[in-house]
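Chain lettering (A, B, C, D and E) follows the sequence in which the chains are written, and residue indices restart at 1 in each chain.
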Amino acid sequence: MSVGTGRDDGDLLQVQDVIMRFGGIVALAGVSFNVGRRQICGLIGPNGSGKTTLFNCISGIYRHGSGDIRFEGRSLSGLARHRMAGLGIGRTFQNVALFNSMTVRDNMLVGAHHLAHSGFVAAMLRLPATRREEAAMQATLDELLDLLDLRAVAERQVSSLPFGTRKRVELARALIGRPKLLLLDEPAGGLNHTEVEELERLLRQIRAHFDLSILLVEHHMNLVMRVSDSVVALEFGLKIADGTPEAVQREPEVIRAYLGETEAVHAA
Amino acid sequence: MGRTLLRHWPLLFLAFAAVVPTVALSNYQLFQLTMVAVYAVAILGLNIVTGFNGQISLGHGAFYAVGAYVTAIMMDKWGVPYWATLPVSALICACTGFLVGLPALRLGGLYLALTTFALAVATPQLLKYKLFEGWTGGVQGIVIDKPDPPFGLPINADQWLYLFSLAVAAVMFLLAANLVRGRIGRAMMAVRDQPTAAEAMGIDLAMFKTRTFAVSAMLTGIAGSLGAIAIQFVAPDSFAVFLSITLFVGLVVGGVASIGGTIFGAFFIEFVPNLAEQVSKAAPGAVYGIILIAFLFLMPGGLAGALRKLLRLA
Amino acid sequence: MQRRTLLSTIGLSTLGAMAGLGRPGAADAATPGVSATEIKIGNTEAYSGPASAYGAIGHGLVAYFKMVNDQGGVGGRKINFITVDDGYSPPRTVEQTRRLVEQDGVAFILNALGTPNNTAIEKYMNAKKVPQLFVATGADKWGDYQHYHWTMGWQPSYRIEAAVYAKDILANKPGAKIGILYQNDDFGKDYIAGMQDGLGAKFKAMVVKTASYEVTDPTIDSQIVTLQGAGADTLLVAATPKFAAQAIRKVFDINWKPLFFMTNVSSSVGAVIKPAGFDKAVGVTTVGYAKDPTDAAWANDAGMQEWRGFMAKYMPNADLSDANYVYAYGVGVTTMQVLRQCGKDFSRANIMKQAANLHDLVVPTLLPGIKINTSPTNYHPIRQMQLQKWNGKTWERFGQIVGA
Amino acid sequence: MLLEAVGLRAAYGQSKVLHGIDFTVRKGGVTALLGANGAGKTTTLRAICGMVRTEGELRFEGQRIDGRPTEAIVASGIAHVPDGRGTFMELSVEENMRLGAYTRRDRGVAADFDRMFTMFPKLRQRYRQQAGTLSGGEQQMLAIARALLLRPRLLLLDEPSFGLAPLIVQEIFEIMRRINEADGVSILVVEQNASMALAVADHAYLLETGRIVLSGPAADIRRDESVRRAYLGY
Amino acid sequence: MDGLLHQVFSGLATGGIYASVALALVMIYQATHHVNFAQGEMAMFSTYIALTLIQAGVPYWWAFAITLVVSFAIGAVIQRVLMTPMANAPVLASVGIFIGLLLMFNSCAGWFFGYTLKPFPSPFGEGKPMLAGYLSRHELGSTAVTLAVLLSVWAFFRFTRLGLAMRAAAYNPASSRLVGVNVDRMLALGWGLAAAIGAIAGMMVAHVVFLEPNMMSGVLLYAFAGALLGGITSPMGAVIGGFVVGVLENLGGAYVVGAELKLSLALVIIVAVLVIKPSGLFGRTIVSRV
């Protein structure tokens, strides 16, 4: 099952020559790369190199200038933001963007919003179809609560949870929508070594279990290099390297612009 | 046992509210309770859009007025029975709400609040506008008849009006509760809490904001219709800006985003002005203001917020 | 836990009962509100809200009936005057009126304020056959004895007043080009209707421009400019005091010198002429029916001395320039006449009958020569008035007392 | 001792976060506060600045500061770079920096501005720009500059490496060292990246669920592999 | 043509009134990020204080100065007593408090000072109208006062350390404390200054519309409109917005829709402008990275 096929065998995500300007500043100066199916792709680069901008272009928050972003062969240009989820693109946010007044359970259920279809009238009348949809959502929800170890806090309001747990809730919220591509914005931020190792396991598990691709923006080199199938490095809105983790971290440009000598050695 | 009772408290409340007052209270007191039911539905409408969806409206009196006028005009000009005007009023108010909601897509927070406030101020002048005068009766307004109890029920008109309003209110509360409890309600709150993330979850902000406005206007409009039937009179002066402010006060003291709190808010706006007036004829406004401030001072989250806190401690 | 919910549920319901404070006791007399020792009279007033300036009328009536009681009451009974706030909102007027009639069981409602407010209760009052006496509004509709037997006005109607101006214009300035500034509500629109009555077919030709304003408007400067720009040489201002005073000043400031008619509502020397400026108002014409408390002409008038005596004793702190107290006194005097005429029969029917049976009643606060008359086919107690012009110091009456 | 905490407890509403901890910051030293998420590290910094309700004793340069309002504590010489950096997003870089010097009335402010520009050349370029448009690294630099403009004697840093690229992280830690050595500013740093933190710190405390479970010279902790594996996981 | 000019000038005069109240709204917004619905009523109350002083024989400018001080104190006290405990309450509860204050001030003014219309003196003298009869001396004078207040407010926020601290406290209280700003004092100062600016507006307005308890209810709405149109973050914008609303309203009322829809027309224009430029004509759009 797929949407707008035609090039279904190609890569899941194709970023082609994307240019993005804010006023006079060029944030992305023609970036291209692909993410294959069931791949984990790491996106690295110094702060301000355009990672988050690119991320936001893919998820539709920014409208890029020229170039094209294709998902399953279908162009995302001009597509409304709320359509992304339906196509199969899920995401998390750098600083965690949960619905703070709601419980963990309700937060996750919002993640499944696009999977159901009943509208205002049906909801007000609580038609059987609506009830069936609700029940279906609950089943997936239970599964994820266990997988991400959130069952104990399911009824808690998210604003009362510690940062690390909130990050997991956000991940769960993205996963319940059954994405084919998961965009993760610094999932390791604020986690210590042990927690990062857990995250690494979790990412592999998720890929296997949900059969999806991940685009990972992350500064934590150990994580990126260990978990990614391919890595793309940006600087000043330009791609400076693209390839396997090993190749990219040996790239002199990457070392100069991003890693610095010690980190390169350390990560290796 | 306790939990079951708790879960069914709306039903118990409804049964209690239907039987006890009808038997025990005078016609005048029943009339007051009728108005409480009316205001409760009006505040409920406001709560949907402001409490659950986070779009602050200070102009819901306008929708109340539209509902009231639709009913009054239909009864007066075309002799439509009172109950039959409700669906029409609901539809027209929903459309009006949808249209008002369109600019709301671009205007956030404060700007929306003040724009709707301006709408509230402009409402009487629009109702008086000469082009509509043939229908609205201009400044004179419209006097309508009080409904008699149907099927030869052995009750008087006030008792019937109370039961009718209560029944309509109960249905509205049920619809609203269904709405906010399910997928749509969660999406409404998601839009309020974190619009960017909501959009990433596949929620169409524009669609949600305008439709929420429509539902909200529909509820408040139905309240307007009921209010017109109960008061038997509509005139531009009945829908001055203070009506919108009153509804807002009801929302805040009842508790934002609380369905049950709405009922308390309605009691507050119905009875506190009378209380204030009994305290001082010289400055009832000051007494009302002080009661309001004192209340919010003690319970900034409204009654619902205070109860929630209490339950959490217990 | 469920007990708390239940308790709060009960709490909510009892709140309703509390505000009403018990049910009315079974009536022991034939007429509700009338016992061997007292007569209950109800009144709704705008103590809060946009029209709270008129709250003075209610306070004045309270003081007046206190005086009556101090003097022994009427027919061996004291007056129990119950006045309540409706915030000038018709729905609340309905509610408060029902409280007065059903809960407090008043014999009748006196001098309820506001046209929309009285309209809201008119049907109810007549269905219940409770007198709605001397309503505090000058709308023309309050004389409709055929349809509303239980509802009666008091002050001269705005519409008749406007017709008086129209006749004056026709007589003295037949070629006038008239501009009208009116408040966009029943009050203002009655003046348009009255001008139509008075000018008849010539209305279209003579009225060159009408401009309305809303009570929420901060100023009416633009409207005055518009009327002047339309070439009007005669101006009728149907505005409440604040806007009337603004109009007088703006007309003066832009050096416009029209023949200037001003509604009686805004003829108070203290509240309109003085703020606007004594010299700026010279030439303004209005009709009067009551004496102005701030007009030097009545400094030694016996009727106004009586009023001042009352004010000094019963409202020592009140603002003596507020014409609402004069108004209240006049209403009080009229009401007492009705009650005295009732003799021993204080049934609602007899109260209404006597209210419609006033003959040449002289009220000390009304202009000399103006008398109150009612009959079963005349529900306009005050129909007479007299034109008067501001001469810089006082209102100078001229011409005959006119009545419709 | 520059800063001394005795039996420090802190709570948000009903939930207690710190259960009575003792620690000190040596004058001229760099102290690291390590531990997992939710251990209470950030809360400790907030407690020092009077941003949460506390019990116990806090002394800065011998004076009791617990219970005093935040702005008074700050004015006494403690600068705090909070988590999330606390940038005034809506204001310009210039205004952010001027706010940093808010408590100062001496004539050295202009010179300090220049010093900041030498230390963080990016800030000079972005001087008139709205701070919300800065990248994460630039915001972190702005936050540190803002804190230094206060001329503090103690600098509290909450996760200075958060969201930053490796090179920038190195740079930030380098700057930390310079501030400490050249300007004699004492530093208390909270950091997830334990290896980095231990590299600059001279003393470290390890927090676990609101209690100090380990403390000692940073060099010892760095060397002790069993401690590293057990508590720091690397 | 003459009529048109006349309408424009009359609109400018009324616009000046809106502008002066709009400035008070900008002040409180910049300082607290609230829109104070009671601002107009507080200004009205201050004006009564001024009138009481003048009637007691205090010279105009002395009364003016004392009123500013008293109003400042009232504003600061309200902030301290009412708003400080509400700091962590939901926004809507604060709006509720503002409504309560509005009712209180309005009702108390009627109670203390009566509802009778009162003339309020102008410091600029009565005299003959100026500018070929288009503007009265007071209208010119009060416009000058409005512009002077604008200049002070603008300079205060732009150049002073206190102005910066006040804006910072409104945007980000926690960070402000961390740079040593006493946030509570800033909020109280903001309330005080807004009340004082409101008092100036009230004293200028009262001469034109006459003093009575409901004097400001109409003005406030138009002042809101002006502030929103110009951008509530910009003192300059609010003043220009006030003038624009005054003129637009007059021209629309006189030539387009007739006076009975004046307000509705103004409303439509404002919504239209805001839909195109949501931060107002002169408001800054704040960019923030997601």
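Things worth noting here:
What we mean here is this: a contact is a pair of C-beta atoms (placed from the backbone, for glycine too) under 8 Å apart; a residue touches a chain by one contact, two chains touch by 3 or more.
Note that this is a predicted model, so its numbers are computed, not measured.
Chains that touch both chain C and chain D: E.
With A-D and C-E as the two chain pairs, more C-beta contacts join C-E. When each chain is reduced to the average of its Cα atoms, C sits farthest from chain A.
Work out the mean CA point of chain C and of chain E, and you get 35 Å between them.
With centres defined as mean CA coordinates, chain E is found 42 Å away from chain D. The mean-CA centres of chain B and chain D are about 51 angstrom from one another, to the nearest whole unit. The set of chain C residues touching two or more other chains comprises 48, 50, 52, 55, 184, 214, 216.
Within chain B, the positions touching two or more other chains are listed as 121, 125, 128, 196, 282, 284-285, 288.
Contacts with at least two other chains are made by residues 61, 93-94 of chain A. Residues of chain D touching chain A in their complex: 15, 35-38, 84, 133, 135-138, 159, 162-170, 192, 194, 232-234. Against chain E, in their complex, chain D makes its touches with residues 49, 51, 69-71, 74-75, 79-80, 82, 86-91, 95, 98-100, 102-103, 130, 132-133, 135, 146, 150. On the side of chain B, the complex with chain C involves touching residues 2, 5-6, 9, 12-13, 16-17, 20-21, 25-29, 31-33, 35-36, 121, 124-125, 128, 138-141, 143, 227, 231-233, 235-238, 240-243, 263-264, 267, 270-271, 273-277, 281-282, 284-285, 288, 307, 310-311, 314. Interface of chain E with chain D (complex): residues 161, 164-165, 167-168, 171-172, 174-183, 286-289.
Chain A contributes residues 59, 61, 80-86, 90-91, 93, 97-102, 106, 109-111, 113-114, 116, 118-120, 123-126, 130, 133-134, 137, 173, 177 to its touches with chain B in the complex.
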